[in-house]
Amino acid sequence: MSTIPAPVFYPPFNITRASHVVLTVRDLEASKAFYTRVIGLVVTEQDRDTLWLRGVEEIAHHSLVLRRSTATPVCEQVGLRVLTEEELDRAAHHFAKLGLRHAWAEVPFQGRTLRAADPMGTPLEFCARMDAVPRRLFETVDHIGGAALRFDHKQIHMADVAAACDFYTALGFRTSDYIVVGPQDDLAGVFMHRKDIPWDLVFLAGPGPRLHHFAYVTPSMIDMFRACDAAGLYKYGPSVERGPGRHGLGHVQYVYFRDPDGHRVELVLEAPHHMTDLEQQPVRWDAARRADAMDWGYPAPRCWFDEATLFEGVKPTPWTPPPGRVALEDYLASRAAE
Amino acid sequence: MSTIPAPVFYPPFNITRASHVVLTVRDLEASKAFYTRVIGLVVTEQDRDTLWLRGVEEIAHHSLVLRRSTATPVCEQVGLRVLTEEELDRAAHHFAKLGLRHAWAEVPFQGRTLRAADPMGTPLEFCARMDAVPRRLFETVDHIGGAALRFDHKQIHMADVAAACDFYTALGFRTSDYIVVGPQDDLAGVFMHRKDIPWDLVFLAGPGPRLHHFAYVTPSMIDMFRACDAAGLYKYGPSVERGPGRHGLGHVQYVYFRDPDGHRVELVLEAPHHMTDLEQQPVRWDAARRADAMDWGYPAPRCWFDEATLFEGVKPTPWTPPPGRVALEDYLASRAAE
Amino acid sequence: MSTIPAPVFYPPFNITRASHVVLTVRDLEASKAFYTRVIGLVVTEQDRDTLWLRGVEEIAHHSLVLRRSTATPVCEQVGLRVLTEEELDRAAHHFAKLGLRHAWAEVPFQGRTLRAADPMGTPLEFCARMDAVPRRLFETVDHIGGAALRFDHKQIHMADVAAACDFYTALGFRTSDYIVVGPQDDLAGVFMHRKDIPWDLVFLAGPGPRLHHFAYVTPSMIDMFRACDAAGLYKYGPSVERGPGRHGLGHVQYVYFRDPDGHRVELVLEAPHHMTDLEQQPVRWDAARRADAMDWGYPAPRCWFDEATLFEGVKPTPWTPPPGRVALEDYLASRAAE
Amino acid sequence: MSTIPAPVFYPPFNITRASHVVLTVRDLEASKAFYTRVIGLVVTEQDRDTLWLRGVEEIAHHSLVLRRSTATPVCEQVGLRVLTEEELDRAAHHFAKLGLRHAWAEVPFQGRTLRAADPMGTPLEFCARMDAVPRRLFETVDHIGGAALRFDHKQIHMADVAAACDFYTALGFRTSDYIVVGPQDDLAGVFMHRKDIPWDLVFLAGPGPRLHHFAYVTPSMIDMFRACDAAGLYKYGPSVERGPGRHGLGHVQYVYFRDPDGHRVELVLEAPHHMTDLEQQPVRWDAARRADAMDWGYPAPRCWFDEATLFEGVKPTPWTPPPGRVALEDYLASRAAE
């Protein structure tokens, strides 16, 4: 039976939050149109081959970096913030001690940056500082589409969720919720956070590591529907892959889009805050019993379960879905058979 | 090519709105729990075999009447209001002139009531008055679930939509929108209203007459999600058949539920108001081109298209869906085949 | 004691709704900026001296007409719609019979137009048709500020509210609510409607006739706050005269603005619908007891009570507020004195 | 000219957030009715003289403790959380080193608790753990009134805001915003936080230390209006002291209530999140120029500025408002004088 390791309150270095993601795309203008008009991001900077975007609440220079590439679109970096510059040195020391890949990098608009990989191969990028740019929150008259406020979290497919949970718990991440499946209560998902507002990193069982999606916070259900309307009006209608709906798991309202290259981006309302209190325990969800609990709404379609973005140069470890998995297609077929 | 007949501004009698529906159910307590907790209706009156319900804004005694029956659940009456008592006599005269079934009835909590049938057999019930009961709108602290405000419209499957449109246009109904399909532009749907706030009667092509659904107005998206949550928490999760979403056609936000007997009830936000201005023209929607226009969101599942409530004692005229119809199951299959 | 006259179900001619207002302004560009950016209206047409605006849901050519003038800003016309062209002739006949001023007028973008005055001198303009223009409802990406949907109602100061109520009841208007004040239960306000969705004309006791305000429907509280934010960002902050709040009377959420010329415009959410059912009775509100009932929020400031727009060439009948009137200034003073 | 001291990233002990407040009240049942029905808190525990309440999202045993007392209502404790038990010992060491009052206390439903006072005399209560109780977030059908999610922040009047800012900065609090006033740019307010989601402690210039208010997060504007409606319906209408409105400062939507004993409680929507990034700088607001910037809405009434809750046994240091302060009463008077 799966158990979540005890939280580590004094980790080897102080990660503060998930902060950004770097993706490659085939057509920079198409991606720019999608992310500004539908998701509501603001362009901070653009050069011939790269676009730096941020949410309207963010003063950090970028939370989404898009780089032009003719190759298969991939995720190049999973960005994380640390508290201070000296935490970066501690991070380098920690990765060195574990014998994991790590190297300093010069990255535009960021302070000193450490690139590393977790044991599964996920490319991580740590920095303590970005250039500060104006917060655009107050100009509500300029907010369009989903009016995305700020970067929230990244969900990553992992073939071995328990291993991911162990590694990131040791880095100070706390688990707010986890999903178990099958007769052995195998770990099928863990929702982890460093900041007070979940989440930062979510690991879901799947062929991985692959980036399943990244998420921005949207202010209200009305903004969520505005994003969908914008998708429809600007001919991205089929990009609305799932939702708007409400996760059984934690009652978070969501909608998932696929961007022009197939990268998946979620708009979420504020999740319930899992305060960092000592008494806070991870909440256990039994995949088989979840549907009985309080769910409504159809299950996700197969593409949502199966498709994800490759990390550059990382070959995913194969993984087979457990027998009981019910995608939308399965649900409709079983209902028709009744 | 289908055309909508010209509006009749001075009809033979003055219908003011769609007002109520009478259904049979197998378990009165189960239905009561569903309609009060999930939809948010208020119980006006209950006796051993009948339950009278209304929305929180309504002062009319009932807009939903549920009668206990062990037979197959059916719809007994499609209720319509006329302006005054004398309009009832004009209505009787009109139905007599057309040689259509009609008879006076004593109905509890209603004024003088005329029962009649349209040429397709739909059972209609006209009255000019109901008992007045307190409006419960101001006690917002008592509003639960979808906080349904008031009865809005009824959607009815008809094998011959054009015939229905002709009959109801002659009664003064105006068409705000209509859907055409196929090479001959056959009429697949008409959205008709007497009140300023659409709609009152919607006719959709299908084996009919059958009651496809009836709808209540809900105050906001938040109330709509509260209704869904209540469905989940009270074990009606699978009753959420479609949505929440936004109709491409008119951008109305909706969610459809199936009640414990399979009757379909919709919660809608306010539709765009189709004022009764002289210059107002019916809006034409081409079924085949609708998806290209500005849609997002998955199509409805097959059950939404095919299942409907029988009218008591009325055998539906068969009808075959046109070749191009795309239900959710078809959409997912075609996407998988790409 | 005031009583509301019985409704007239078959009036001399068929008014369908309050439809538009014509105002003079000193600076057309300043007014255009205010009404498009803050209220969210759409410009239909503009020439050197006149601006025609409408809500995003309206297909009628205009609901607000602004004419440039260097004189004191006034209201020139209170626009009303009738059902058909022949109702206009009946209207002319009715005003002739009553010996009231009336004359045919050529008005751009409107069908045949009858101008008339009620016995108090209010300038009325009737038409059955306007030019039809595209509904802009679906392009939600273009909606800004309050995203005003459609014209709703006009509130008019009258020195003799009972006389106004009598006159308009005879024209088929029904009263949904009325306010009484003082030991004699004098009529201090009546809320009247022809359309199903209140209201069309509201008469409030005051030196009159004067136009107190006109109102547009806004989709949600979020749009209402967006309008206020736009006011702040575009330097119209002090134009937010009252609200956002919720009327004790009917629980309608509102905010009042003063436009650059001092004309007052309200954004309201949908009011409870007062269906045209026979059993519907006017709701009586006692001004003195209203505060005890269920109110929260501060009273309106004195300017809201006292200031209003003159009708062109109409000298208001003086009127003195009853002793018990409590404006915000009075309320704060009495609280300080406790 | 005021400057905000540099942040302290490695403070002497690790405070995680503002967590609770302990107040005395005269009538426990009256307070219980107010906080459960209007604010929407949940009762965790009650004995003859004490009531422990929490927000629907909180698993910590209490965030509001009300103790019956016949004396003048006061605030007994300003509760703060530290990360672990060992941080409590570091806290005790720190207060000892500074020569400030501190003592261990046995507090029901809390872990080991340290009581202390800041240099101004504010009574602080630190703990690392409370009893865990069920999160009530998912039972949305039971949420009423403002559906308060969780404790957010406390605002405290201080005669010397700069001194408070210095003391709490040394404890690791970061300043997101500050207000300056007068020719010397005196510090009139500082908004400080330890958690990612502002705020934890706000200090405003005034006779102090006194508790100006404490705040809970509410899910949406609709819940905020539901709280106000509940206030009206349950006869707490005059308790709505200010709002609903939007702070010019940070665009946070708010409403302030006075509880039956005059303690002030705020419902707020999520504030913009001031991430703990290294580049984050305090935002300076000039009190005199704020009104010109982007404000709308009336200023707060005098009672909001002047009235606050005493801390038990702490005599406030006098303080005189600067000449330019504009309360609602002043604003209305100056407008009348124009």
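Just a few scattered comments:
Chains here go by letter, A, B, C and D, matching the order in which they are written, and residues are numbered from 1 within each.
Methods note: a contact is a pair of C-beta atoms (placed from the backbone, for glycine too) under 8 Å apart; a residue touches a chain by one contact, two chains touch by 3 or more.
Keep in mind that this is a model prediction, so the values were computed, not measured.
When the C-beta contacts at B-C and at B-D are tallied, the pair with the greater total is B-C. Seen from the C-alpha centroid of chain A, the farthest chain centroid is that of C. Inter-chain centre distance (chain B to chain C, centres taken as mean C-alpha positions): 33 Å.
With centres set at the average Cα position, the gap from chain C to chain D is 42 Å.
Spacing of chain B relative to chain D, judged by their CA centroids, is 50 angstrom.
For chain B, the set of residues touching two or more other chains reads 138, 140, 220, 222, 229, 233, 251, 294. Residues 37, 138-141, 144-145, 220, 222-223, 226, 229-230, 233-234 of chain D touch chain B in their complex.
By the touch rule above, chain C contacts chain D in their complex via residues 221-222, 225, 228-229, 231-233, 236-240, 244-246, 248, 251, 253, 291, 294-297, 301-303, 328-329, 332, 335-336. Of all the residues in chain C, the ones that touch chain B in their complex are 9, 16-17, 19, 57-60, 81, 83-85, 111, 128-132, 135, 137-138, 140, 149-150, 195-197, 220, 251, 270, 272-273, 275-281, 294.
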